[in-house]
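The structures considered in this document are given below.
First chain A sits with chain B, and in the next complex the same chain sits with chain C.
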Partner chain A sequence: MKDSKETETSVQRPILMSDHDQKEKLSPVHKLEGNSRNNFINHVRPRFISERVLSVFYTFCLGGLSFLAFLMLGITGILLMFHYQPGASSGYSSVLTIGSVIPYGYIIRNLHYWSAQIMIVTVNLHMVRVVWTHSYKPPRQLNWLVGVGLLVLVLVLDFTGYLLVGSQESGAAATVAANLLKQIPGLGTALAQIALGEPSALSGSTLVVYVWHCAVLPLAMLWLQLYHFWRIRRDGGVRPL
Partner chain B sequence: MAKQIECSRRTVLRFAWAGMVAVGGLSVKPLVDYLMSKEDQPRSPLVSYAKSLEEKTDWQHVPNSRVWVKRDDQGIAALVATCTHLGCEVTYHLERKQWLCPCHGSIYDTEGRPVAGPAPKALPRAAVERKADGSLIINTEKQVGLDVRL
Partner chain C sequence: MARSPINNLKENEGIAALIFLILCTLLAFKISPGVGTSNLAPAVPHATAPWIFGPFQVLLLYLPPWLGALAVPALIIIGLAGVPWAAHYWGDKWGMRIFSALFSLVLILLFWFMVKELWWTRL
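Let's turn to the complex of A and B:
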């Protein structure tokens, strides 16, 4: 009896009397203020949420956990940028310095490393869940494609992060990747240069990879993720079809 | 019987907030230490030693460096206390008159010649110069022979 009362106050009442509803009633001007912005606010704060979707066992929070790992990677990544020096000769030694000499550097590097490992796992499980619950079907087909794009971005980010360690393994990986890209007729050599710079066989750490890993790819991913989340609400929220 | 704690959603969330604030507060000092660290900035190869070393001494450590200096019968010598095996910092043990490496147990005699352990060669000596005010300047990039003195 007590339980149901609790649910009523915390879940149902705000739905009936939310600020959002009042805002709509009080200011009709707000509605005229460009369709897309209004649309955005409506979907960030929906009028109601089905109680069934609050169950953890439908999504297992895998998308949310991936986003949490992404935030963690962003914060620790920015911190690592203060002491990391990209380059064939400086990359590996600066990683060693962060891990051994800089105060608390090993904690920050390990948080970055393990968040990346966890993110790969949760992102893949998230995709498996979406397939399992048939959530890729209309009307969510576009969001499925956005998700596939995000998966590719995560994998490329993971790979470039591996190159930036600058160890011998990263040099071998960078050389293989560059040689693969160079197989593409015509564009190949230019593509390898743009994507990887000129990695040596002994270190994959280059300024080019650093820029992709720290600026371009994370920003692209953040933008795509926000669209991904908005699109969930737009397509009717998370719920069993 | 212990009184049962009421565990409402609000209590849990309040605990979570308190935990987050506590973690945030505790991580301020580590973050400042991390951001202020200058350990990875390149150091000048020149090390200065304020004393003029007029009398005979055993090895004296130059603060904030790996350099040690001494004056013997022939003159002043400077030694860089980096193990020739894998680069650990070695220390001079006055009572044993030996240099010991903490990493793999290399032992050097008082002049820095290897006695035991994996060390392949003698500890490097650096060039010493005297400034006008009598203090010493050691150039760790300019390596000299074992018997060179100022």
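Let's turn to the complex of A and C:
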């Protein structure tokens, strides 16, 4: 009896109701939970959730898994920073050192690599799920734009990570990227310098790329993700089909 | 005894996170990513992009750089960003159609890249 009562009150009606109706008839999810841990977990959810979307097979946790991958990338990335040295000659050799000399270095690097690869997949599948459930519809357009921005940031982070390996292939990629940016009239040359520094044709690892990859882009991404979550809470999350 | 759906969902999310972590760890132990070619080695004749940027490499093979690597990707991003407004003004189906067209284009280019660069060139 107690459980059925909890079901009635903790699972809310669709968000399609007006805000006034929601306040009058429904209780916020987080108020119904008994301890602070649950309150925190519920706090990242919208205030009102349709019972129909309370299934793991509706969202497949793809947004949450993408964030988990981001956290793993942050932790393993910080550990890699202890031993990585950017530079045309030092980048590649420090990657080899991490992989073969540093204790557990290869595991940390492999975790960093695979988290990044899986994150690309989960982010794309998350976007497909959002479109499939029409969860970009008003009032969620701004959050959709934030999501597209996050997708671009993920791709740029992945690219800069590839450059930091410092191999010949990364040098070729950096050269192609620099030449492409230089195609932009007026701004191109300066933009290439700002984005990539002065990569050699044989190594894409530069201090500029390193700072973008380890500081600027992750911080921008973290801020956008927190804003993304806040918008989900404010605008509502997944729409019921 | 009925369980609260929200608690059930949270448990499932926890299980999904555990599966994700186990998968990452297994991959990390079993498959080491390559480190490419040393910059002290003789120059490689042809560099293959990582799979994520395969579509760019295919576009660059057949289109001028400004079109293949700047204009087309920019149009794809702008198209994705505009999906909510396309659905709003032209109807729900158009939002889905635009997204499907753009996503399919990227997937086709990725498949093209994998066949051409990762398979044919290594035969």
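Going forward, the second predicted complex is superposed on the first by the 184 of 241 C-alpha atoms of A that agree within 3 Å, B and C clash if a C-alpha of one lies under 4 Å from a C-alpha of the other, contacts with A are read in each partner's own complex, and residues count from 1 in each chain.
Convention: a residue touches a chain if its C-beta (ideal position, glycine included) is under 8 Å from a C-beta of that chain, and two chains touch if they have at least 3 such contacts.
None of the values given here were measured: they were computed from a predicted structure.
After alignment on the shared chain A, the placement of chain B and chain C results in a side-by-side fit free of clashes.
In the superposed model, A:Val238 makes contact with neither chain B nor chain C. In the superposed model, A:His83 lies in contact with chain B only, and not with chain C. Looking at the shared chain after the overlay, A:Ser94 reaches chain B, while chain C stays out of its contact range. Contacts of A:Leu196 after superposition on the shared chain: neither chain B nor chain C is touched. In the overlay built on the shared chain, the residue A:Val209 is in contact with neither chain B nor chain C.
A simple residue count on chain A separates chain B from chain C, and the partner touching more is C.
Judged by the touch definition given at the top, the superposed model places A:Leu157 against neither chain B nor chain C. Once the two complexes are overlaid on the shared chain, A:Glu169 sits against chain C while remaining clear of chain B. When the two structures are aligned on the shared chain, A:Val123 is found in touch with neither chain B nor chain C. Of all Cα pairs spanning chain B and chain C in the superposition, the closest are 7 Å apart. Across the two superposed structures, the residue set of chain A contacted by chain B and also by chain C is 6, 10, 107. By the touch rule above, chain A contacts chain B in their complex via residues 6, 10, 79, 82-83, 85, 94, 97-98, 101-105, 107-108. The touching residues of chain B, counted against chain A in their complex, run 8-9, 30-31, 33-35, 37, 39-40. Residue ranges of chain A in contact with chain C, taken from their complex: 3-4, 6-7, 10-11, 29, 38, 41-42, 49, 51, 54-56, 60-61, 64-65, 68-69, 72, 88-89, 92, 95-96, 99, 106-107, 109-111, 113-115, 118, 120, 127-128, 131, 134, 136-138, 140-141, 144-145, 148, 151-152, 155, 158-159, 162, 165-173, 176, 179-180, 183-184, 200, 202-203. Chain contact summary for the complex, chain C toward chain A: residues 1-6, 8-10, 12-13, 16-17, 20-21, 23-25, 27-29, 31-33, 35-39, 41, 43-44, 47-50, 52-53, 60, 65-66, 69-70, 77, 80-81, 83-85, 87-88, 92, 95-96, 99, 103.
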